[in-house]
Amino acid sequence: MESVKTNNWEPKILAFLCNWCSYAGADLAGTSRIQYPSNIRVIRVPCSGRVNPLFIVKALQAGVDGVLVSGCHPGDCHYLTGNYVGRRKSATLKQFLEYLGVEEGRVQFSWVSAAEGVKFSQVVEEVTNDIRKLGPAKRLVKRSDEFGVRS
Amino acid sequence: MSLKPATLSKKEFVSFLKQVMQTYDVIAPVELAEGVSAYRKIESPEEVSLTFHNTQKSAKEGFFPQSEVMFRYEKEGNRTQVTSTEEVDRPRLILASRPCDIQAFSLLDQVFSAKEYTDVYFLKKREMTTIVGFACNQPLSTCFCTSTGGGPFTREGSDIFLVDLGEVYWVEFLTEKGKALSKNEFLREASEGDAARAKKLEEEALKRMNVPVHLDGIETKLEQMLENPIWDGIHEKCLGCGACTFLCPTCHCFDIADEVSQKGGQRVRNWDTCLFSLYSMETSGHNPRPSGRERTRQRLMHKFNYFPKNFQKIACVGCGRCILYCPVNFDIRQAIREINEK
Amino acid sequence: MKNPYLPIPMVVKRTQIETADRMLRTLELGFLREEDEKAFRFVPGQFCELSLFGKGEAPFGIASSPTEKGSLKFTINRAGVVTTALHQITQGEEMGIRGPLGNSYPIELFQGKNVLVIGGGFAFTTLRSLIIYLLQPENRSKLKDITVIYGARNPGLLLYKEELADWQKRSDMKLVVTVDAGDKDWKGKVGLVPNVLEEVGPASENTYAVICGPPIMIKFTFPKLMTLKFPNERIYTSLEKRMKCGIGKCGRCNIGHLYVCKDGPVFSYEQLGKLPKDYY
Amino acid sequence: MASSQEMVQQKIREKAKELLAKKEVDLVIGFGEGSLPLRATPIFVRTPEEADRLVWNSFCDNNLATYIHKLSRFKLGIVAKGCDARSIMALGLEKRFQPDRIVLIGVPCQRMVDRRKVKLHVHRTGLPGNVDIITESASLPAHKAGHPADLPAKKAVKGEILRAREEGDQLIVEGNDFSVSLKKDDFLYASCKACTHRNPIKANVVVRDRVDETPLTDPYAEAKEFERMSPEERWNFFERESSRCIRCYACREACPMCYCAECFVDSSAPKWLEKGVAPSDLEFYHIVRAYHQTGRCTGCGACERACPMNIRLTYMTQKLNQEVKDLFDFEAGTDPATLPPMATYKVEDKQEFIK
């Protein structure tokens, strides 16, 4: 059953994109007609530092196959230091999730500036490929019929 | 006409249970981790573990699970199709419930069947369930069921009653429901010796229950104590977690919430506790029980004053779970003592 | 066995924003099944759990009177998740109700007596139900004087303006509407409910008082009723508490051994005096 | 001959009396005699006379700093072990109390006894009269979660523990039909064995000589042991542990660092998770609860000790502590001048993991 599904399966990836850079980078990729996989769903955030790690865990629970958080390069933060603070959250959360057994690569991070449409498409390509290799997310995912004790 | 007691060899317990499971959904103590057990619907007899003093979570879960779907709904356009999950299609059997938990069932009955409204989810399960009581050969020092109207060998409320005699279980059939199991081919006729052994174990167990907790008159005592300064002290170490109330066999508060899924969703009830501040918090942010003082008071007043006022019985069966598992050693026996001394 | 947790399916027939701040909205709900409508018998003061699938339930007093056939009215203050959703629901949508729940105003006691109704803010909902019920000719004939004092913070926050205008014109009742602060168009009374009560000074002899409002209003009005020599057993109020099941099982709305949902929400001050001071 | 512990107890009482008598504090939070063997219980002492109820032993395992939140309007004296003191310092950094309103009665800690390990040791041979019926015909689930595998395996005693006392490095445990002497070191909390800060930092007064802070195990032993498993095994372990959760939030309430006015689990808008016991909700809760302690956890183990279902929790927080030490060279509650790592940054922080 699973394998049948896997054949047509396309990963669903949630991307938290900083309004000031990566979101504009995605825009640029689009307006420049650069192709990238359509697997990402974007949530625009004011800063990569705004991404509460809770959002990432929630996204995984809600059933996305992967999460990408993308913000401004170091030194370029619109709020000066938001991406630095976010970087610490990202580093610790990533390690922690992998420690608990969430596959490496489910949660990824990138710096993409507003000028980097090409880089944006490459990042999405890479992340999508990584997650496609990992297969559908199973750990932590809440099944729609899930209730009570999982047997 | 009562049936003669039987015995069941422990070697044949698994076979016995297999046969039972052909007719019943069996809810039995399962060891979730070493030394931690709770009642679960079992898929195979091997899951059962009867080596507990008492389980952490009580057997009330057999009728009132921590989370329970009340109905599912599906939306189609403007219409919503609601399907209740109240029906119980197979007979159920709660295996090896301690007498304290069984006494608690009768208290929960009062709440859930109270005349104005019947709680179908609880009652339908209750009706369909056969209860196999399990004597406490070794009550713990934290047990005080004999002070709350029960006892380690109290049969009341059981359909069948088991006593662990070492190599075999002593099996008594107490009700019509219980007798339905008497035809199980793995039961043997009990001997005089078995009866004597069961009797002796009962006497020994009762002898262990030698530290009474004085609950006579506590309802009246508490009547005048709502604003007593005693509450300032009693609650102080309480962390405000829900461990005691969630493990308590008589606590029955719940919350109702909707869980949404893609097609529709379900309305669910989950255990809740008066010790959480959110429990009584109103949408405006106002909380009539703003601190641990009021919440601890509510817990004790409900058990020993409000519940008896409504149902003529205290809402405590002396199982000792709240004493054993409180993270800060809040001991309800001490609280009772303090109340009595006021 | 009847399942008291299953909602009765209803349809939103009409909606109306009541107040200038748009925080209060009245829903008029119609029954989808005839048998439900027949079975639904209530008395003013009772409430329902309004049920929105996916959002949950919240309790609301029934604002319409049993004499207004064909639908039920509820006025909803937007505060939390459920009430916000109830502000968004549109005409023609389906939803559920559970009820009628709780006790009611002691209407049978009012026979041959005067009735004083004091309301404040949006707690006026079940009082609307009560007043309309009492004004029905058959009921009205059994009563002596009816006096209603209703206050809101400002004119924009007064509920049921049509009804108020109607009652103002009637000769078989006395209506005093007051606001804490008027605006340029306000021609009516300005003053706090407790003070207006004192000014109106209704006789307490042979009179039942029903009072509903925010805790602060109750706190200051109650002593005035004492001054007017209303005995505790003839003052009634309706309480609010966090509720879930509405049928005395889930536990959270107790005051002492009573449950506001099942044994209330209407209590006399005599009853409240005997209960633990756990309700405010 | 008074044992060192009795002397500590005496000094705690003296200090508490003095603080209360001189009105330097309104109350002293310390430990009193527990109502059960192997236990002490938090007490709140308001008069010099009451100070004689204060005790000190190897069962004083609660982190008393958790009471600061509801008592911060008072001047507090707190009996503080190394871990309590760290929590207090960490809370000070988060401005949870006025710095001059807490007096620490510091107790260099002898490490606390894990009562569950003792009980399990006693339990493992089965209960007389309730002989294990199942294990002969069928075995229990292969991996028995819930407790570290480092328990002494020898068979000892049966039945319920009714009394326990300490004699030097021994723990005398007695029941109706047994009395056994156990080596305390075999029954310590894993978090105590790994502890490297047994001497309370910044205590106003210290009631015993400094203890040697060399830990009995690797400071990150639990995390390292866990990491030896494959990702799949790790997830299964985590899933199994979380599945026992009853949502009582004892772990949250026992933790001094858990004090959010509204915890994410209690928020209704947005509703982050349901309130039931669906496994993924339990997992979600445990991940976020632990992760929220990043750079704030002092490794006291209060969460795990509080759990009525014996869910293992410190392997998670210990990993976070290890990460924070490796990445930011920070240990919570050991340095009153440095901001917690998640509240700050360095330009040169590692970022190889970022594309």
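Each chain carries a letter (A, B, C and D) given by its place in the written order, and its residues are counted from 1.
The rule we apply is simple: contacts are C-beta pairs under 8 Å (C-beta built on N, C-alpha and C of every residue); 3 or more make two chains touch, one makes a residue touch a chain.
Small disclaimer: the values here were computed from a predicted structure and weren't measured.
Trainee: Enter the minimum step count from subunit A to subunit C; a value of 1 means the two chains touch.
Mentor: Tracing touching chains, the least step count from subunit A to subunit C comes to 2.
Trainee: Comparing B-D against A-D, which pair counts more contacting C-beta pairs?
Mentor: If we tally the contacting C-beta pairs, B-D comes out ahead.
Trainee: Can you compute the centre-to-centre distance for subunit A and subunit B, using the mean CA position of each chain? Integer Å is fine.
Mentor: It comes to 46 Å between the two C-alpha centres.
Trainee: Centre to centre, by mean C-alpha position, how many angstrom separate subunit A and subunit D?
Mentor: One centre to the other, that is 35 Å.
Trainee: Suppose each chain is reduced to the average of its Cα coordinates; what separation in Å results between subunit B and subunit D?
Mentor: 30
Trainee: Using mean CA coordinates as chain centres, what's the subunit C-subunit D distance in Å?
Mentor: The answer is 51 Å.
Trainee: In subunit A, which residues are in touch with two or more of the other chains?
Mentor: Residues 147-149.
Trainee: What residues in subunit B touch two or more of the other chains?
Mentor: Each of 67, 255, 257, 259, 268, 272 in subunit B touches at least two other chains.
Trainee: Multi-chain contacts only, two chains or more: what residues does subunit D have there?
Mentor: Where subunit D meets two or more other chains at a single residue, that happens at 243, 276-278.
Trainee: Could you pull out which subunit B residues touch subunit D in their complex?
Mentor: Residues 10-11, 13-14, 31-36, 38, 45-46, 48-53, 56-57, 66-67, 137-138, 140-142, 164, 166, 201, 233, 236-237, 239-243, 245-247, 255, 257, 259, 268, 270-273, 276, 278, 291-292, 323-331, 333-334.
Trainee: Within their complex, state which residues of subunit D touch subunit A.
Mentor: The touching residues are 223, 226-227, 231-239, 243, 264, 272-273, 276-281, 283-284, 287-288, 290-291, 294-295, 316, 319-320, 323-324, 327-328, 341-347, 349-351, 353-355.
Trainee: Which residues, counting only subunit B, touch subunit C once they are in their complex?
Mentor: Listed in rising order, the residues are 70-71, 73, 75, 78-80, 82, 84, 86, 111-112, 114, 116-121, 123-124, 226-227, 252-258, 260, 264-265, 267, 269, 272, 274, 279-284, 288-289, 294, 298, 301-302, 305-307, 309-310.
Trainee: Would you tell me which residues of subunit D are touching subunit B in their complex?
Mentor: Against subunit B, subunit D makes touches at 34-36, 39-44, 62, 66-67, 70, 116, 119-120, 123-124, 126-134, 136-141, 144-147, 159-160, 162, 240-241, 243-244, 246-250, 252-254, 266, 274-278, 305-310.
Trainee: Over in the complex, which subunit C residues touch subunit D? Could you list them?
Mentor: Going by the criterion above, the answer is residues 80-81.
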